[in-house]
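Following this line, the structures themselves.
Both complexes below contain chain A, partnered by chain B and then by chain C.
Right after this comes the complex of A and B.
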C-alpha cells in the first residue's frame, strides 16, 4: 500500500481556558474553519486547560486560545483568536489548497 | 530620613544565602515579587535557586522552580555543588522543579490571546506542594516566545499581581542588556525589590558583584557587594554588616615568643585581635607568624597559616632552620598550612574562601603571610577594602589574626601601611639594619591597643636556637646591632673596667693622704702637748721665783725693824 496515497484525517487541538466568551468565540471560529475546508473529514479536540492541564503541559501551551495543527505534520501552533484573514495560513498548515488565494 | 517602624518591619523571607540576608536586612520581601537581573553567566539562576532551596531546607517553605529554558536535569547538574540535597527536598515535597517549555515548533500569532494557560499551570503547581516561594527563570524567554509585546506586558503585569494576591515570595530573573536593568523594562512591574548582578574582569580575574537597586519600604545596603560562587553556593560579603559588633575579649594569648610577650605588657596579644607585622624581606615576619600558630597549637587550638608566597613545605623547612618545628602540629591536624598564589583567584574569591576555610575549620589563630601579596592582582584601594572586611570577618569569628606585610626596603614602614593601620590592634614593625658588612634585625611594637607596651626598639636575634630580643645600643643617632652592638658592648666594658681601676687608685691615694694628715695631726698634737707642758712648767717656775723673792724681801725688812727698836725705845 502506498503510504502517500493513504489519506490522513487532519487532527487539530484547540486549547482554551475556561468558559469565557473568548473561548466560545475561538471554538465557533475553528469549527467554522474546519467545516469550510474539510467538511466532515477532520478530528478536532477542544481542550480546556483548567480541565486537562497535563495535556497543556505536553503540548507546551501557556497562551490561550491556541490552535495546534497536529496532523498532517509538521505541527504548527496558531496563537490567538483567528481572524478570517488568518484562515488561509491554517489551511496551508493542513496542506489544503484553497480557492481563496 | 528615618523610616517608620511599621514599614521598616516589612515581613521578609530569608534567603539563607550567606551575606545577602545581612544586606537586605533579613531577606527578600515576603509575599512579593523580586526581580534579579544581570547579564548572561552572572549567577541569576543560581541565586534564585539557592534562595528557593535554602528556603525549603532551612525554613521549611516549599518552593517551585519554573524554568522556561533549562531542563530540570540540566538544572540539577548546575546546582549539584550547592551542598543541598535537592533530591531529598523534592521527595519531601518541599521543592518542585518544573520546566515550562515554550517550544511549539512552528508558531504563528494570529490574534488576541492571553497567558491564562500559564496561570492555570502555575496555580496547579503551587497548590500541589503548597508553595510559598516561586522562581520564574528567565522572563526574557517568555518575551522571545511571543511576538505581541503589548499583550505580553499586560499579561506579565497581571502575573505579578496574581503572584502577590497568592502571597508568594517570587523571584523573577531577567536578562540585562544595554542601559536599562532588563531588556523589556520589567522592573517597572516588579517594584518591590530589584537586585542587580554583575561581574567584572580585572587583571584576568573575575569578580562578581551584587547591588540592591531598589527595595521598597525597607532600608538596605546600597553598595556593590562582591560575591563568590563557591563549593557551598553563593557567599556575599557585606562591607559593613559586621558593624563592629563583635565581642571584645580581655583574654591574653602568647605570641609564642616570650621576649615579645614581655614587650606587650608581659601578656602577649589580646584574643580576637588583629596583629600586623610589617617589615622588609627577611626581617623575620614569617617567623613571628609561625611562632604564633605554634603557640596556638600548643594550647590545643586549631590554627591556619595562609601562605601566599611560599609552599607549605618550604615554610616548614625554613622555620626548622631557626628551631621552629611545625611538623608535629601538622601531623596532629591542628595546623593547616594553606599555600596559594594570589593570582590564582580574584581578591574577593580569596577573601571569601579564606573566611570560609577559617569558619569551617574552627581555627582560633590565623596567619596571613603576606597580605601584600595581593598587590599583584588588585588596586590598593580595593585591597584596603578587602582587608577591612577580612579583619572584620575574622574578628566576628573571634579569631586572632596575624597578618604580615612586606614593606619596601628604605620606605618608612609606618608610612606605607597608613591605610590599614586603623584596622589593626597591634602593630609590630621589623627593620633590617645594614652596616659594617652585615645585616641585622630590629623589632619595635609600634602600637598595641589596650595595653602598656614597650616603646623600645630591640634587636631581633635569630639563630638555630630560635628567636630572642636583646637590648639595643644607640650611639648618637645610630642604632647599633649585630657585630657593631657587640663591639660597642666590649668598648663599654673596657671603659668601665678602666674607670673602676682608676677609682680604686684614687681611693688609695686619698687614704694615704688621710693617713699622712692623721700622722701630722698626731705629731702636732704631741708638739702642742709638749708646748703646753713647757708653758705650764715655765709658769710654775716663775711663780715659785716670785714667791721666793717676796719671802726674802720680807725677811730683810723684819731684821731691820728689830734693830731700830732696841736702840730707840729702851
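Right after this comes the complex of A and C.
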C-alpha cells in the first residue's frame, strides 16, 4: 500500500518536444508512476516546448524530456528517460514513503 | 587564501540541487536520452532537436549493407557500423581504437596505408583484402574521403564486401559498363572512319568530269553516310543494341536530300515519323540504306522538268507488329520496268535489302511515286 499524507495535491510538469515516440514514452512512464504512488491524487501537466517555449524558460528547462516535480517543493528536475530504478528518487521528491524503500 | 564569502545553508542546498540537476543533464545527454534542448535566445527560447537531424542517418548507416567507418589518418578506428564489425568478426565496441591495418591481410597493408594517406588528403579508393580476427579473408573495395570539419575523425570510409553474390553482380555490372564504354568508343571510331571515306568520295566526285561517274560516286558517298549515321546515333544513345528508327531515318533522309538538292532547289522534304520505336542495328542499317536509295531516286528523277512544288515525303509508323516506312514524291513517277526487277543498282539494292530483313516492298499507284516497306520489328539479340 502507498501511504500518502499530502496536505497539497502534488503537481508535476512533464516537458516534452513534439509528439515523438520518446515523448509518448515519457508521458506513459510518468502516468504509470503517478498512478502507482498517488492514484487519482496528483496534477500532471504535459508541456510541449514547441508550443509553450516560454513556460520552459520560466521553469529553467534545458533539455527534454524533463519531469519537474513542482509541488511539494523544493522543485526537482529529472532529465532524460525515467527508468523504474529512478522511481524512488521521484517518490522522494514527492515526499512519498514507498514500499520500495 | 582569502576569506570565502559565507553562504547560507539554504543557498548551499540550492546550489547543490542545481549541480545535481546539471549532472543529470550531462548524464541524459551522454546517454542520448534527451531529444531536444531549449536554448534562451535574444528573441525567446529556441528549441534544438537533438535526434531529428542525425537519427535517420544513423539508422541508415547502421542498417546499410556496407561497412562504414570514421578513421584517424593513421587508420585508427573511431567508429564503425555493425556491418563492418561483422566483416571484421568482432563486436563493434572492440573495434574502436584498433587500427584498420590490423584487419587487412598482411600482403595488402602497405597498399591500405597508401590509400589511408591519400584518403586523408582528399579521397581514394581501391581493392583490399580484409582479414577477420579468425584469419578468414574476404575481398573488399574501400572508398575513403577526408572530413573537413572540427570533428577529430580525419576521414570516413565505406567498405564494400566483394565476397557475396551481390558482389559478383556488382563486378559484372562494372564489367558490363566498361564493355559498353568500349563499344561506344568503337562506334565513334567507325563513324569517324566512315566519315573520312565519305569525305574522300565527295572530293573525288567533285573532281570527276564525267557526270555519270561523278553521280555514282556521290551515291556511294550517301550510302556510306547512312552507315556512319547509324554509328553516330548509337554512340550517342543509351542503348548500344537498339536504335530509334524514326530519328535515324529522318536524319538520313535529310542528309541525302541536302547533299543532292541543287542549291536553291524548291524541292521540299516532309517527314512524319513516330519516335520511340527501337529496332535492332542490322535492320536499322538496311532500312537506312533503303531510304537513302529511295530519297536519292526521288531527288534525282522525280522532277526532271520543274521542281516547283516538289515534295518528297518520309512517313514511318508502327502497323501492328510491323514497321511501315513510306517514301513518296509528287513527281513524274517511275518507269514501269523498275518494279519488275529491272532498274538501277539503287533499286536492286533496295530489293536485296528488303529480302535480307524479311520486309515487303510495295509500289503505290501514281501520280508520283510511292514506295511502301513493311518490316517486322526485330527485337533484342542484334549483333
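List of remarks:
One rule holds in what follows: the second predicted complex is superposed on the first by the 95 of 101 C-alpha atoms of A that agree within 3 Å, B and C clash if a C-alpha of one lies under 4 Å from a C-alpha of the other, contacts with A are read in each partner's own complex, and residues count from 1 in each chain.
Please note the rule applied: contacts are C-beta pairs under 8 Å (C-beta built on N, C-alpha and C of every residue); 3 or more make two chains touch, one makes a residue touch a chain.
Owing to the predicted nature of the structure, the values given are computational and were not obtained by experimental measurement.
After superposition onto chain A, the modelled positions of chain B and chain C overlap sterically. More residues of chain A are touched by B (comparison of chain B with chain C). In the superposition on chain A, A:76 makes contact with both chain B and chain C. Of the two partner chains placed around the shared chain by superposition, chain B is the only one that A:93 touches, whereas chain C remains out of contact.
In the superposition on chain A, A:56 makes contact with both chain B and chain C.
The superposed model built on chain A shows that, among 116-124, 224-232 or 494-502, the segment of chain B colliding with chain C is 116-124.
In the three-chain superposition model, chain A touches both chain B and chain C at residues 15, 17-18, 22, 49-50, 53, 56-57, 61-65, 74, 76-81.
Across the complex, chain A meets chain B through its residues 15, 17-18, 22, 49-50, 53, 56-57, 59-66, 68, 74-83, 86, 89, 93.
If you check the complex, the residues on chain A that touch chain C are 15, 17-18, 20, 22-23, 49-50, 53-54, 56-57, 61-65, 74, 76-81. Residues 13-14, 17, 21, 24-25, 27-29, 31, 33-38, 40, 44-47, 49-51 of chain C are the ones touching chain A in the complex.
By the touch rule above, chain B contacts chain A in their complex via residues 100-118, 120-121, 124, 146, 148.
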